[in-house]
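Have a look at this one.
Every chain is named by a letter (A, B, C and D) in the order it is written, and numbering of its residues begins at 1.
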């Protein structure tokens, strides 16, 4: 019997598989398909202080072995999430959930984190400083080491939960930003967010996405994500959550060998709603095939 | 009859299709398959002042809908290229060729450019400041605006040929670097070079590439390349050559709509040695399908 | 309503009805019963995103879809044989309980297929059904006879007048008596129809990421706030839509 | 030698010989005649890079390849049916003109297949041929009878001694008389063989980008400088290789 347990910022996960924010809503749609308590946990839809509609459509375009999205942080706002979504979630998800938070100012991040302190369901707070689809804030914080550190320090000051900072891949030196967040007190890091991309409609001769650009994710970005996870995991001491194009149990193991303590599954959930479930079910087989007894033992095992 | 002609830094190309450096050697292997004079031109293997063996193998890994390479600028050195390769090339290629140049110091770039001044076969010099697979030099020049400008200015001072600077996508702000090169006198820009990536051998638990990291190219990177070409083409006045995952006539047109004056074909030549030939043959059909009479008219046509 | 389900179906037929409109007939056990206006999401090898196609007809263990080849994805689909991975039971369809005495179904181009299934179900309920099928020109016509075989009144319009009423579907509407409208087609057509009819249900199209409500990729603004076309639609009441 | 050529071939057979070693038989017109030690490069749907496989046998309009399932690519290949895109005529093979009176062919595991084609051609030239086939254990054996049918002397070695000589191929070499060696297999085996034989031709393996000399992906250092395994090899003289 193989051991899939890992520890993420003091909380033990039965397995390292975590559906990623923005691809799993608040769990509702997937809870109808399988028991979400099989998951390590999941990161719910990026939440802001005020409700947001997001960008105008089209918000989605086909990449090449990936998807481009420019949703732009549509969410009902933190109060609604606490009042409606979390109680609903409680019925089908008994584990600590990861709260994903976005903001357009330091104050906004801080206010949302304060509200989440009062939510016992929330185990971790993932601070998204890397959304490429919103103007001002979002990625602006994630592409500059000073700003990244400032957000991290500010939320750490008020947070009663472990803070995991979600990093942007759209940078020259992700290690520099990772170290700045660690120094500012981050309990963990998650990477990569989507890569800024674009597609053009040849008939209309205009961008497919109303927002012109969108975040590129899916299988195609895996080698880039893996490289950044490897670089960051070797540069910091805090746990790293790897994500970016993970779609199989083999990918999960590759990410963990690169240094990931846990692994988020993103776009794969969109093209196959059972993806995270299938990956978890397949892990023991793949582990034995590669002679892995306990997943925690291979974290950063790539020599 | 459709018109595929474009003008690149004063020289007219019968079509915008240019096999990219590092995927086409010095043309010899492909000249056996089809008449290379059908091409707009091609950019020959990245050449340095001294001969280079490059990195140790393995130098190649499968991406996900792409290829990772860590060849590391293997080449016989500029003197050998001028003495042996260019005369050989003369027999099968009658058009001006694009010389791709790499270096590890400003002096090295300058010396190679001086030698190329004496080669009538060379129409353009593509300055590679973005090779991700060599330590020191290479990408170091391409990820910093000041260094990029310095290289550009130095080679422009001595060059008798149009200088096209090849940019790295591994940066936070490619527009800043593009503008710096334009300001320093670049006659054109080409982008994107490969994206730094990695794969791990699950059995050996070690990187597949001996060099650990490699440059990721192929279909997978197309949406990222297209975005950067669009950003750069809208920010500079000099011509931009678009490349990155182009594998069809449709892709060529998408790149041109984004703002590319010409388009380089890279990895596609490796998995299908006839790729560039097929794309050129297919262009008229796709142009009529999208009601394009002259390619030059759609450059930057994406509104 | 039964849940979304992932099924592998056999391609029984995948043939062109016109130069670019294809009929895809899928067979397999455990195909849940779906409702007119719902759609399925197809995994096409070589495409990352699934392609949503609304249901044209539904029989025991058999699903009929009609799609138009518009890009690389649908082109690949048109060449596909053998088996295909399908997500079924997606979206909310037309509400047949809203049907009145005289029901007018209006479809434009590739928006026509879901109305066939709807017309068939309304006839089962002994409802009076008139269908307006809008095309650009004669050689684009499809399924006209199939509708007639259902015993519904069929009016064809063509932009160039090569068949039936010359002009838009709205030109054919004016002369008709109806109490309720079910429509599917391009937004400008739907808007024109609603402006005249001021009633009914309209099926919208939007680029989708997942097709089951998870990614918020296809959200639109409605009078009742933000709605996901895939999960809260694709069929909306005319009065809900911000035209 | 004829040029590299892109051909679409039909998969006549794609079956396992052992738990993970498969035989792939491809048929089609205009398959150029290739030489022992050359390889072809296969386009596997779902993989970006082609997969190079050396030729095991060659008849009119028919090509036989033997490959081992080692990863996702070869796993996909093992499930492939119908047609496949192949680049033929790649690399330089063994030089049959170098053959002497007593020729020893040595193959290890999945390095064995090209030696079958070589043995067949050498027999045609009435050469004396002895073959050593090295495996780990009994259930990994393949093609032993096929070699015997060629009328060559066959010696099998297994690491665990479950069949034939117990040990490595080099253990079987010691007792033999030979003037020339042709070998293919893992580097440590080739090195051990050359150390003993000090003569012969050795087929090397390397991860390749293109397979026809364009990308410099598979370059190695040799006594004669940098060489591309795909274009200048995959067969090299023992004395060229830096061991």
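Just so it is clear, contacts are C-beta pairs under 8 Å (C-beta built on N, C-alpha and C of every residue); 3 or more make two chains touch, one makes a residue touch a chain.
Everything quoted here is computed from the prediction, not taken from an experiment.
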Note = Min route length, chain touch network, chain B to chain C, equals 2
Ask   = What's the overlap between the neighbours of chain A and those of chain C?
value = none
Key: Chain of greatest Cα-centre distance to chain B   = C
Message = Taking the mean of the C-alpha atoms as each chain's centre, how many Å separate chain A from chain B?
response = 34
Request  = Would you mind pulling out the distance in Å between where the CA atoms of chain C average out and where those of chain D do?
outcome  = 56
Ask   = Quick one: chain A and chain D, Cα centre-to-centre, how many Å?
value = 46
Remark   = Two or more other chains are touched by the chain D residues none
Message = Going by the contact rule already set, what residues in chain A reach two or more other chains?
response = 61, 63-66, 219-220, 250
Query = Which chain A residues qualify as touching chain B in the complex?
reply = 61, 63-66, 68, 143, 170-172, 195-200, 202-203, 205-207, 212-213, 216, 219-224, 226-227, 230, 245, 250, 253-254, 257-258, 290, 298, 301-303
Request  = Would you mind writing out the residues of chain B in touch with chain D in their complex?
outcome  = 22-25, 29-30, 32-33, 45, 53-54, 57-67, 69, 71, 74, 208, 218-220, 267, 269-274
Request  = Provide the residue numbers of chain D that touch chain B in the complex, in ascending order.
outcome  = 3-4, 6, 43, 47-50, 73, 87, 206-210, 212-221, 226, 231
